[in-house]
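Okay, so subunit A shows up in both of these, paired with subunit B first and subunit C after.
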Partner chain A sequence: MPETSVVFESGGRRLVGLLQTPFEGAVRERWLFAYPLFEERKSSQRVLVTMGRALAASGRAVLLFDYRGCGDSEGDFEAFSLPHWQADLQTAADWLAARFPHARPGILGLRLGATLAWREAARPEKPFDRVVLWSPVVNGQAYLVAELRRKVMKEMLTFGAGQSRRDDLVRKLQAGESVDFDGYAVSSSLFHDLAEWDSTPPFPSVPPEGAIIGLTPQARPDPALVRWAEAWQQAEGRCTLQFVAEPPFWSLIGLVPCTALIRTTRFWITGETG
Partner chain B sequence: MSDETLEARLKRLIVDRLFLQIPPSEIEDDKKLVQDYGVDSVSLFELVVGLEEEFGIRIEDREFHLRHFESVSALARFVRAKLDAASPAAPTASS
Partner chain C sequence: MTATEVPFAFSSSGLTLRGLLHRPDRPRDLGVLFLHGWSGNRLGPHRLFVHQARRLAAMGVFSLRFDFRGRGESEGETFSTSLEDMVTDTLCGLEAFQRETGLRRIVLVGICSGCKVAIGAAAQRPDLAGLALWSAEAMGPLRAPTQSVRKTLWALRAYARKLATLETWTKILTGRVQTRFVRKALMTDERPTLNEIRREAAWLDAFRSFQSPVLFVYGGNDPDTAAAARAYAAFCTRHGLMWEMHEIPEANHSFYSLRWSGEVMDRTERWIGLRVIRSDGESP
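Then we have the complex of A and B:
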C-alpha cells in the first residue's frame, strides 16, 4: 500500500502525518484517524497503521497525523489543549478533502482521539458522513482520575509504594502548576479543559452515522458506551455498538495484533470480510 | 454469595482483566504477580478497577503498596480486610 509521509500546517505549526492510499483505482472514501494522547499515542500507532492499511486495501485513503505538540509534530505539548487539537483535526480534514474531494469523508478515533473525533463530527456542519469511535473517553474528569491513579501505581512498582497522592496532584494543577504524566507536562489549562469535558448524553447534535466499538474483557457491554449509543440513536443518528474482547492495546508496550477489532471495524466500514 | 473462595474469585478476576491465556486454577497463591505473571502498572490498574467493581470496595492512594498486590494470597488478605472493615458484622468473603 502506498504510504507517504506528509507535512501540513495548523495554527502556525508543522504537523507530520502518514497518508495511506490504495494501489490503484478511485478513492471511494477518505478517513481521518485521530490519535489518543500521552503514552497511548505511542502504543496505538501500530494498530492504527494496520487499520489504515486494511482500509487502503479496500479503496480508502487514510490520514494519520500528530497533533501540535505531540509525536513528530512541532510545538511543546504543555502549550496546547483540547481546542487546539480539535482545530488540528479540522485542518487535517480540509487537507484530506483537498486531495480527495469526491471521496466520502469519515473519521476514526481512539480514546481521547475518539472523543475529539466525536466533537468534530457532531458539529452542526456535519463534516463527516461516518464516524468510528474506539473505546472513547466518556468523561474527562474520570479519565484524569484514572491517569493520576496510574501514575501512583507506577510509583508503587518502582518504589514499593505510591509517592504521590491524587489530591495533591489535583491541587497543583488547580493552582496553575503543571504535573508530569509519563514525561508529558500536563498544563493547568489542559487539566481544566479535560475536567470540564463530559460526553455524556443528551447530545445537542450527533453525527449522521457511526459505530462505537468498545474493547472490554469478554466483550462485556460497558454501560457508559451503551448509554452513549442509545442517545445517539435517540438523536436521530444511526449508531452500531459492538464490544470486542481484546486488551487495552493503547496502554500496552508489547505487540497486540487486535485482529478482532480490525476485522470488526473493516467490516463495518467496507462491508468486506477477511 | 457463591461458594467460590475469595482466592478463586481473585484468580478468575486476574485472568479476566489481564487477558491471561491460562486457566485461573493455574495461578499459584503465593507466586509473585509481577515477576511470575508479568503484571505491570497497566495491568495493575485494570486489576484495581476490577477489584473495586467485583467486591464493591474503594482502594485509596495510600493503600497502593506493593505488599498488598504481590501475590493472590496478599491480595486476598487485603480484600478480606477491606470487606471486613466495610461491614464488621458480616461474614468474610471466604466464609
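Then we have the complex of A and C:
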C-alpha cells in the first residue's frame, strides 16, 4: 500500500504520523487511529500498522500519528495530558478530512487511545460516523492505579521487594508531584484528568455506529464492556460487542500477529472476509 | 522537537524502511545510527532513543533512528526477519545516512539484539567511528552454555516472588492466570541454531580487529549482565580492542526508570565527547 510519513502541527507542536492509502480507486472511508499511551504504544504499533494496511487494501485511508510528547512527536510527555491529546485527535481528524473530504469518517483506538477516540466521537458535532474501540479503558483512575500496581510488582520482580508503595505514589500525584512510571514522568495533571474519567461520557443524541472489541485470553466477556455496549444500544446507537481470544499484545514484549483481531475488525469495517 | 527532525526513508532489499533524521543546528562531522532491539522500534524503550537523539543534536551530532524491516512502520514480514536481515538494513541505513548528510564519521548505538546487529555491521564496516552497546547479549561462542538455564532460573525466582502476593493468589483462584505465558517463560529454549552460532562467530571474528572505541553499558539487575559483561571484557582484552564498560547497579535490561535512562544517556554522551570527538582532535 502507498504509505507516506507526514508532519502536521497541533497546539504549536509538530506531530509525526504515517498515512496509508489504497493503491487505486476512490477512498471510501478515512480512518483515524488513536494510539494507547506509555509502552503500550510501542508494543501495539506493529498490530495497528498491519490493521491500517488491511484497511488500505480495501479502499480506506488511515492516519496513525503520535500525540504531542509521545512517540516521534515534539514535546516532553510530562508537559501534556488528556485534553491536549484529545485536541491532537481533532487536529488530525481535520487534517485527514482536508485530504479526503468525500470519504466517510471513522476512528479506531486501543486502550486509553480507544477511550480518547470515544470521547472525540461522542462530541455533539459528531465528527465520526463509525467507531471501533479495542479493549477501551473504562475507568481512568482504576487504569492508572492498576498501572502503578504493576510498577510496584515489577520492582518486586527486579529487586525482591518493592522500592515504592502504590499508596505513596498516589499521594505524591495528589500532592502535585510527578511520578516515574517505567521511564515516563506521569504528571499530577494527567493523574487528576484520568481520575475524572470515571465512566464513559454521555451519549450524543444520535450516537455513531460502533464496535467494541474486547481482547481476553478465552474470549470471556468483560462486564464493564457489556455495560458500555448496553448503554450505547439504549441510547439508540448501533453497537456491536465482540470478544476475541487474543493475548494483551499491548503489554507484551514479544511480537504477536493478532490475526483474529485484525480479521474481526476488517470484517466489521469492510464486510470483507479477506 | 526542533524543525530539524524530519521523516527519512531508505531502501533495503527492495523494502522501504522508515525513520526520523535529527539534524543539529550547528553540526559536527559526526552522526549516530540507532539500532533497536528484536521486538522494538525506532523510539527505543520508553522513548530512550528519542531523548538521546535530541540531546546529541544539542552537541552538534546528527542522528538517524529507523525501524528495521518488519518492525514499526517499515515494510517487510514481521515474523520472518532475521538478525542477518537487520545487519543488511543497518548497512543500507549507514549508506543512506551518509549520502544524505555527507558525514564521514558514524557511531552505532544499539540496545539488546541491536548490539549483535551493531557488531555484525562493524564486522563489514571497520571505518565506523565507534559502537555504544546497551545491554549487549553475549553472542556466538561468547554465549555461555548455561544462558538458557540461567534465564529459566531467573523466571522461576520471579514467579516464586509473585506467589507471595495476594493479587497473584486472587488471579489463580479466579482462573485469570495465563498459564500459556508462564509455560513459555519457563520452557522456551532460547538456544540458537548451529547456523546462528556460526554466523555470529564469523561476525565476532571480523570484529576482533575493530580499531574504534567501544562502550558497553549494562544494568546490574539484568540476569544476563554478569556472564555477558565477563565474556565481552575477556574478548575485548584478548584482542586489544579499545573498550570500556559501565554498569548501572540497580537497572534492569531496558533501563526502565528516569534515573537509569538518564545515566545511560550521560555515560554515552561523555564517551562520545571523550573517545570519539576529542580523539579526532575536535573539542567536545
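One rule holds in what follows: the second predicted complex is superposed on the first by the 266 of 274 C-alpha atoms of A that agree within 3 Å, B and C clash if a C-alpha of one lies under 4 Å from a C-alpha of the other, contacts with A are read in each partner's own complex, and residues count from 1 in each chain.
Keep this in mind: a contact is a pair of C-beta atoms (placed from the backbone, for glycine too) under 8 Å apart; a residue touches a chain by one contact, two chains touch by 3 or more.
Just so you know, these numbers come straight off a predicted model, no measurement behind them.
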Which superposed partner A:49 touches (first subunit B, second subunit C, both, neither): second
Contacts of A:184 with subunit B and subunit C, given as first, second, both or neither: second
Touched partner set for A:166, first subunit B, second subunit C, both or neither: first
Partner chain(s) touched by A:11 [first = subunit B, second = subunit C, both, neither]: neither
Subunit A: partner with more touched residues, subunit B or subunit C: C
First, second, both or neither for A:255, with subunit B first and subunit C second: second
First (subunit B), second (subunit C), both or neither touched by A:3: second
Touching partner for A:146 - first (subunit B), second (subunit C), both, neither: first
Which superposed partner A:208 touches (first subunit B, second subunit C, both, neither): neither
Partner chain in contact with A:71 - subunit B first, subunit C second, else both or neither: second
Doubly contacted residues of subunit A, that is, touched by subunit B and again by subunit C: 149, 153-154, 156-157, 160, 217, 247
Parts of subunit A lying in touch with subunit B, wherever the complex brings them together: 146, 149-150, 152-157, 160-162, 164-167, 217-218, 246-248, 251-252
Footprint of subunit A on subunit B - complex, ascending: 16-19, 34, 40-42, 44-46, 48, 61-62, 64-67, 69
Subunit A residues within the subunit C interface of the complex: 3, 5-7, 13-14, 16, 18, 38-39, 42, 45-46, 49-50, 64, 70-75, 77, 149, 153-154, 156-160, 180, 182-185, 217, 247, 253-255, 257
In the complex with subunit A, residue positions of subunit C that touch it: 1, 3, 5-7, 9, 16, 18, 20, 39-43, 45-48, 50, 71-73, 75, 78-79, 158, 161-162, 165, 167, 176, 178, 180-181, 221, 250, 252, 255-261
